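The next part holds the structures, each set out as structure tokens.
The following pair of complexes shares a single chain, chain A, combined with chain B in the former and chain C in the latter.
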Partner chain A sequence: MASSTTGEKKILTLKGGDNEEFILEESLVLQSELLKNMVKEERVSSIPLPSIKSKTLVKIIEYLKKHAELTPSNKEEFKNFEKEFVNVVLEELLDITVAVNYLKINGLLEFCCQAVADRIKDKSVEAVRKIFRIESDFTPEEESEFRKETPEAFEGDLDDTTN
Partner chain B sequence: QDSNLTIPILPSELVTEILSKLPVKPLLQFTCVSKSWLALISGQEFIKAHLSLSPNNKDNTNHMLILNFGRYLKQWSLKSLLYESAMETSTLYYPMKIPKRSFRIVGSVNGLICLADSSKDLVLWNPSIKKYKKLPDFNTNSWDVNRFIYDFGYDEFRDDYKVVGCFYYDCSNSSNVEVEIYSLKSDSWKSIRSLPDEMRFLTELGKFVNGKLYWANNNCNHYFSYKGCNIISIDLVDEKWEKVEQPSYEEGDIDLQLGLFGSDLSVYINNAGKHVSVWVMKEYGVRQSWTKMFTIKYADYSYLYARPFFMPNKGEI
Partner chain C sequence: MLTNKGKKRSTKTKKNSSKKVVSFASVEGNNDLLTTILLLLSPKPLFRCKLVCKRWQSLISDPKFASFWRLKTPSLGGLFVNRFWRKDNTSFKYFYISFTDNGLIHSLKGLQNPYGEGVVILNSCGGLLLCRTMKKERTINPICKYYVSNPTTNQFIALPEITYYILTQHRYGDAADFLHMTLAFDYSVSSHFKVIHVCSDRRPRAENFEIGIYSSETNLWKHLTCQISNSAVSRVDFNNGVFVNRAIFWPAYKSETSIYFDLDTESLHPYPMPSKRREAMYFGSLKDRLYYIRSKKGSRLDVFELEKDYSSWCCKYKIYEFPEMNFSQINFLTLISGDENRYLVICTQPAGMVLSINLDDSSYTNLCKLLLRPSDIKELSETCGSAVHYLSENPFWIGSRLDI
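So, the complex of A and B:
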């Protein structure tokens, strides 16, 4: 009886930044608040996402598929998948995080932000400035004042790499 | 070729989201990344968001068990106590140079610890950022006081931390007590009038639960009977005292202690030295909401009983 509705799956096309097209089931993208609103309200069948690199989009679609298959019995497997998912160079992880933030995939956003935080927590101030593309607007005197006030925050080996 | 050029620029709300997931130490360090990061990290809104996130961190990474060894404290990470064979421990020294005598922990809320050195010197201390503040003297003349009771809590409405001090001149008379409340925002003590009769013989340790401080008291006349026990509370927002409805005690109940069960007030009642009943107040001030969770039988007949040791859902042990 239900076969007529379930047999017919809606298909959607996502277009990445380099015009590469990804065809997937509409039900998968409903995890994204942004895309959900687009398909529900505007009934579109093709969505251009020029700000997202295709490489990033491939990763995100991979996550959406895994997440859709999540059941209580494969929870452990999913956790391992998540761990591997963020095990990429920092630059790529930031690309993914920005895209996930744009697409509003809330559960994954939390996870990505925590992964970024874990990656930068032992970085030096200099490295963090490079990663977030920030120029210091403090005078050298102000900076040495900070070090005097909270010396323990500058103790230990700090990671100067941006990866 | 500079690979950094391909790093995307992050929208500010995303930067905030990421930073709010960092532990305190790197956050302190990153305040000198730029002026806007300093403003963000030291802003009230961010501090509140960070505070609400960090207790809910899975694995209890940010929870510490802190025990008092008289002149210093020792802390253990709860994560290492529960899940790891090697325990991470470190010693915390009294924040002010040398304690006059041994000091004690009055209470802790949101990672802020209130310490009392000797009887009348109080210190608020945030060990994560290693900052402390000595409280000003209270108004009551401490020379006449022979018993000091302090407790520490948080006024969520005003976002203010408060210390309640009860100063007893003479234990046998309820009129000989002064109560003052210290507010961190105003940095001053204020006397509280119209105290309930049940102020007599408050037991040393109060409990801070959902915006209220609770104490149990023992009335000397009924020492071996539950009839003498009262529970009183003070609401830290309006600073009003109230006598709290108690569970339906049973024959043989002789003594009670307050505790925390999850985020609710609970009492542990010693029944004739044979077992302890654990009651939980599910709804404030509603007698019917007291629920007996379980009873614990003693192995030996004993009037001495171990203080219950419970872990709330969030916060400290």
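So, the complex of A and C:
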């Protein structure tokens, strides 16, 4: 285990869903409550995260690095970075949100949830179902009742894709 | 760097710890995460999400969710202002001033009305409106119908007719004159609403009251007789009841006391009024407290709050006239909240400017300008605030279909 230390800084390997490895400073992953506990309790040097796609992991690591560099003077820059961070296709945003929730990165989680809420707020019922791949389990009678009583809920933005 | 052996070992350790973590697949599959996102939605989108599937519906319908959502989501809603009135008592139109849209005025062609007849808003509570319609052709003894509507979700539920004996005693009167209805709804307590009506006995020092309680849970009226001995009862204004803290409070004019109806014990009790002389310019509730506003010499408004034990009132805010706002000619005023702040919304003559004043720091915002006609102004001054109804948006309540 001595090999996991280079100089003063501890190094940790994260393994994404497609077996891709990411080597980073241990201090960075401490922003994740989940990883922090693993590192502290069990002194691991490599953590497999099979349920997180490498693409998602790349994004999250990018955030962790930026966030670690956050100082009062580059606050604006960080805000812009955050905005750009969630400016991805909706499916990717959902993947990131789920992963961030799993990793328990609290500040980022709140930001991601708000971004998801902003994306679905103008969508119609149908579009929301498509986004989350949900089949309606209401009876056809209930369904037609909703449509009759509240037609405007089914209007709205029908586009279920990216923006 | 890591040796193969080391790698294997650490993977094993991870396997042990991963037992603690439930696997996840999507946002949709994770109730906590989904709830966190849904809590961030404003009323209308949230209502749409309720129609997505049964699981989402039950997540959003949970009263706990509702109370969290209220804390997180400032929803200022809007104000219904009675626009005009015809002598036949059946045609009302309303302005809707939306605070959510920064004072945008919607001219309502008519409130959603299941009966296609003239409709009047009697009461607003927790995002629901209690409305009454009257059939025009029978002007001598018109038939009143009552329904509760949720303008945010466009739903309504019709109240069953009141058929019990007291109506026969008043057979020749106008039902609207003696049936006084108040809506009671608090989603953080129950997803069902109640409507309370009182049949007032016009004899002075009357002691018996016929009270009807409708519950949307049973869809039935329940009747009871309550007794109270109080010299003030003949001065109680049963038309302007306010639901707050599981009780209905009625104002009384030119009287030191009035009465309230406790919904838990189903009994009437006396409570004090702040002033014997002046009539209230506003009598209503905000954040579980009862408020009463009166004008002081036409240049100051005193906002009174009823103490939690209902024993007395305290003057909570004093608002002084300022150049943009002349307090001697007020069309209407009302209190609203929605975020952490409390606001006084006030409309004055002759310009019809509507301002919102933050009660805590006295800052104000111009909301809009209402084009009121002389008849509107006359009506507003005579109805003493009951022609204005504040509605907070409520995405939760879902009614059943209407049987006409």
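Assume the second predicted complex is superposed on the first by the 137 of 163 C-alpha atoms of A that agree within 3 Å, B and C clash if a C-alpha of one lies under 4 Å from a C-alpha of the other, contacts with A are read in each partner's own complex, and residues count from 1 in each chain.
In this section, contacts are C-beta pairs under 8 Å (C-beta built on N, C-alpha and C of every residue); 3 or more make two chains touch, one makes a residue touch a chain.
Note that the structure is a prediction, hence the values are computed from the model and not measured.
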Putting chain B and chain C on the same copy of chain A, do they fit or clash?
clash
Touch check for A:M38: first (chain B), second (chain C), both, or neither?
second
Give the label of whichever partner, chain B or chain C, reaches more residues of chain A.
C
If you stack the two complexes on chain A, which partner ends up touching A:S46: first (chain B), second (chain C), both, or neither?
second
Using the touch definition from the top, say if A:V128 reaches chain B (first), chain C (second), both or neither.
both
So in the superposed three-chain picture, is A:N101 touching just chain B, just chain C, both, or none of them (first/second/both/neither)?
both
Clash check vs chain B: of 9-17, 171-179, 207-215 or 297-305 in chain C, the offending stretch is 297-305
Touching chain B and also chain C: which chain A residues?
94, 97-98, 101, 109, 113-114, 116-117, 120-123, 125, 128-129, 132-138, 146, 150, 152-154
Going by the contact rule set out above, which residues of chain A touch chain B in the complex?
90-91, 94-95, 97-98, 101, 109, 113-114, 116-117, 120-123, 125, 128-138, 142-143, 146-147, 150, 152-154, 162
Chain A residues touching chain C - in the complex, by the definition given at the top:
1, 3-4, 13, 34, 38, 41-42, 44-48, 51, 94, 97-98, 101-102, 109, 113-114, 116-117, 120-125, 128-129, 132-138, 145-146, 149-150, 152-154, 156
Show which residues of chain B lie in contact with chain A when the two form their complex.
3-4, 6-11, 13-15, 17-19, 21-23, 25-26, 28-35, 37, 129-130
Touch list for chain C against partner chain A, complex:
1-3, 6-7, 10-11, 13-14, 17, 21, 23-28, 30, 32-33, 36-38, 40-42, 45, 47-49, 51-56, 153-155, 401
